[in-house]
């Protein structure tokens, strides 16, 4: 009979709850995984092409000679190529023999040898917010609300909590017009959000003191002499960070980012990203190239470890698909190609180029339905994404969407080939692999899946 | 571990009492969010406490109320952003200063075009029945011109509205409800008198004002508890709620057949809706809530911030019962083949440690829509549907299947014997079947009566004010404060007073 | 070790053989079936849950709103960049950042320094135009006066206003600040600049921004 608990039972339940509570307060990730730090020094750029992309036009094309309009009710795939301009109705051969792309892949076709493309994966959602939350955190959202911290935050946390100061960065986690979550990681791993380049300058530049450096030094010395850091951890930290803040504002970091500057590095970046002079106040951050140029500069200048950026935000083609979707995708893909090329052109102090030390993940929060509704496509949980750069097996295709309805298909996570006993790839498999790739093999992010090691070189 | 504990118990110089002025400064920052004035400093000696009159004044001030609201924002995270509380087709757009609803296909006429705005900049002509007379443009699309309308959101002005939208039909001659999602497809339908059932633009203006008012509704509830010295427990079990003009307008006109966020069945009896206009945004009227609502926990500001029932439960458990749910440190064990298809997480090894508590508590919100703020009526949606059960067992019936799924009934084959059950009830044991029907009130009442919630309220408030977790040396103090809080009929102001005048608080750097 | 002990406690409780299987599955079942019993306030377990071993109390800094208000009250200048940058300054937005952080970290120090420079510059320039009653900073001294007694009196006032420390004019703490004043005055030969520097030092001192 289900009667009431005895007092003894209530107390035991109370003890159990108390135990759970205590473990919560001990901050589980740092306690359980204190020794699971990265063994490889790597940077990350998370590129979000927002709105939900039509993968037929880019990463996951279908042969228009097979998937014809006449067969659309049989295949449940309607490419709609006849609605596109006549010079956009063919697939594009990449620089890897077995890899073809859709007609709007743009310059990215020349970088397939550096890319691992994942097809037929799922975000398990039809909503922008939920899909984005899933991709950014690797966790099923709570309704439309993200759960847990962003992968960028977790990666930043892993590096910033290492004793080796060389692993630390000034702005470890930078976010350019995109979301970032921190629910359980150190504050320094919180994403620093930029809406414009001026926001970044506010962070890295200081307001001039109303007196000269001699007086500044006198103040610093006074605070040093009159505040005893041994009295408390807070004071110790406060004085240490005070010194660091002063150092940061003295570094003249603006010149590393100011796209209107005249240093050789900035001129090379402007050239690589096809930016004109004085675009900061005109096109500025509305241009995907400008955003990615800032992201790239943050990495190569050593300021940031992880950069998340919304490359483009105009892919939600419920209407005017034929006019807008491909054009906007290609803007994003061209900018991504510029990013890859730029990073590949900058030598890294540890050998190779910055591309050899930076992993790029490019995704959209969902795909679009395989059947058209007039001149539009609705949302679809099936999507594709690609990775490039450090630790990534270039020239690789993981999985495939099905030939009926372009659905998700199960994949062997270690080989990337279709397998009836495998898993449907989801963002968390990719995130787990990113951690795996830097030597973090414990499930520090509580993703509860195996890594998609097929993408790793 | 013993050594660690002993090291922590060694007295530290920073555990001395603060000086009078530093103490005053700390209390002022915590209670008012500002520094003391020089005049206030002059009222306190070096070793004295804060004069009672001064503290009374502080605890009765708007600045203190703001601090309490700030603190509760940290608990409730009541700051909504993306809420589609209205059907998308009832959002208006503007172009050339003319309001219209986009993409009403009947305007295409013989063309395939709809213009923005779809009507020309000329005053409409009406027929004998008051309907606009549309002309046919050269491209075959229709154009009816505009009419001047006084919008509900600004009665001091008039705006141009395309004449089809400016109609005031409630139900069209073909029987379509113009407020509902089917409305805009019918040329006779419109935005109603004063554009009542349309929103000027998605993401702007009225939309933002109403979404902000969801947050403010909770703030006002807390404010009322403070200013009227109501028991703090009314945050959890209050049988009332507050409505202002915009929220009243929303419930009256904007929540029928929504797109994405179900708000149709409010947490109060519609017959008791106050008579407020949209402009009365600072007038908050108290009305009784339905039994299934409990304090603020059936209000949109809470439900739309925490979209799923489990998330709602988890927030209540962590912030108001001090129960944190965390996975086992060793991770979850591998699932067996059978477990992969077991939907009841309480049966799963590893999951049960959290879901054993979480799922039953979540079920108290089972009849509040997820990603929504609507109460799912029992009469219309019983816990078990014979019809949906049959649909699920008889094979694929596309329309019936979709209808049942949308209404929340389990129909997919993998649910097995649970098909036909409403999802709010499907996973519950017999003794729990009335949890979704009753709502969380009794859960809160029980945990107030047994002291769990009061103790956690004290603990959280203490932590916020002391700036640290409570420790072994605080046990007796915490018990005393909790007893006082309960004996003072859960007076929150007195609780804060107890904490900031305690030695625990003053024993800081 | 601590984790292991807590886990053991949890396992002991969860493995309690006395509760039957159904009760274990539904720990809240008893809540709805039983009448609500009023708590006995003398219960020795009241409020004993969630107690951890002793942690030493440490300071914490002002949150962004407190800091902004304090600077506005003290200097009359609203440094809006503080509120604009509140994410990395530990202020939750309740959507993406859900915890309040009160650590004196890098960006906090940087923005504090910026705010001090900006606000003190504004404040002392305004003091030149203000009457004694209107002044916020130079309450016990004229702007161009550098006499020791008056400087110390004003410093004692500032230490109370900014840090909440009450000192006599001849206290050691006041003497320390007077030394700073004198040294800076020697460098600048300009009392207004010197007072700006004192203002910056007061704000950048942990006794201002923490409590």
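Things worth noting here:
Per-chain residue numbering starts at 1, and chain names A, B and C are given in the order in which the chains are listed.
Here is the rule we go by: a residue touches a chain if its C-beta (ideal position, glycine included) is under 8 Å from a C-beta of that chain, and two chains touch if they have at least 3 such contacts.
It should be emphasised that the depicted structure is a prediction, and the values quoted were computed from it without experimental measurement.
In terms of inter-chain touching, the protein chains here all touch one another pairwise.
Chain centres computed from CA atoms place A at the largest separation from subunit C.
A straight line joining the Cα centres of subunit B and subunit C is 31 Å long. Mean C-alpha positions place subunit A and subunit C at a centre distance of 34 Å. For subunit B, the set of residues that touch two or more other chains comprises 14, 322, 329, 353, 357, 431, 469, 509. In subunit A, the residues that touch at least two other chains are 2, 17, 20-21, 23, 25, 31-32, 145, 232, 234. Residue positions of subunit C touching 2 or more other chains, listed in rising order: 2-3, 7, 10, 14, 22, 26-27, 29, 33, 49-52, 58-60, 95, 98, 210. Looking at the complex, you find that subunit A touches subunit C at residues 2-6, 8-9, 11-23, 25-26, 31-32, 145-146, 170, 179-183, 187-188, 190-193, 199, 202-203, 206-212, 214-215, 218-219, 222-223, 226-227, 232-235, 237-239, 241-242, 244-246, 248-249. By the touch rule above, subunit B contacts subunit A in their complex via residues 13-14, 82, 103, 305-308, 310-311, 318, 322-327, 329, 331-332, 353, 357, 370-371, 431, 469, 509. Of all residues in subunit C, those touching subunit A in their complex are 2-3, 6-7, 9-10, 12-14, 16, 18-20, 22-23, 26-27, 29-30, 33-34, 45, 49-52, 58-61, 81, 84-85, 87-88, 90, 95-99, 101, 103-110, 113-115, 117-118, 120-121, 124, 176, 180, 183-184, 187-188, 193, 196-197, 200-201, 204-206, 210. Against subunit C, the residues of subunit B that register as touching in their complex are 1, 4-5, 8-9, 12, 14-15, 19-22, 24-26, 29, 33-36, 38, 41, 46, 70, 73-74, 77-79, 81, 322, 328-329, 346-347, 352-353, 356-357, 360-361, 429, 431-432, 434-435, 438, 442-443, 445-447, 449-452, 454-456, 458-459, 466-475, 478-479, 481-483, 486-487, 507-509. Against subunit B, in their complex, subunit A makes its touches with residues 2, 17, 20-21, 23-25, 28, 31-32, 129, 141-145, 147, 231-232, 234, 319, 443, 446, 448.
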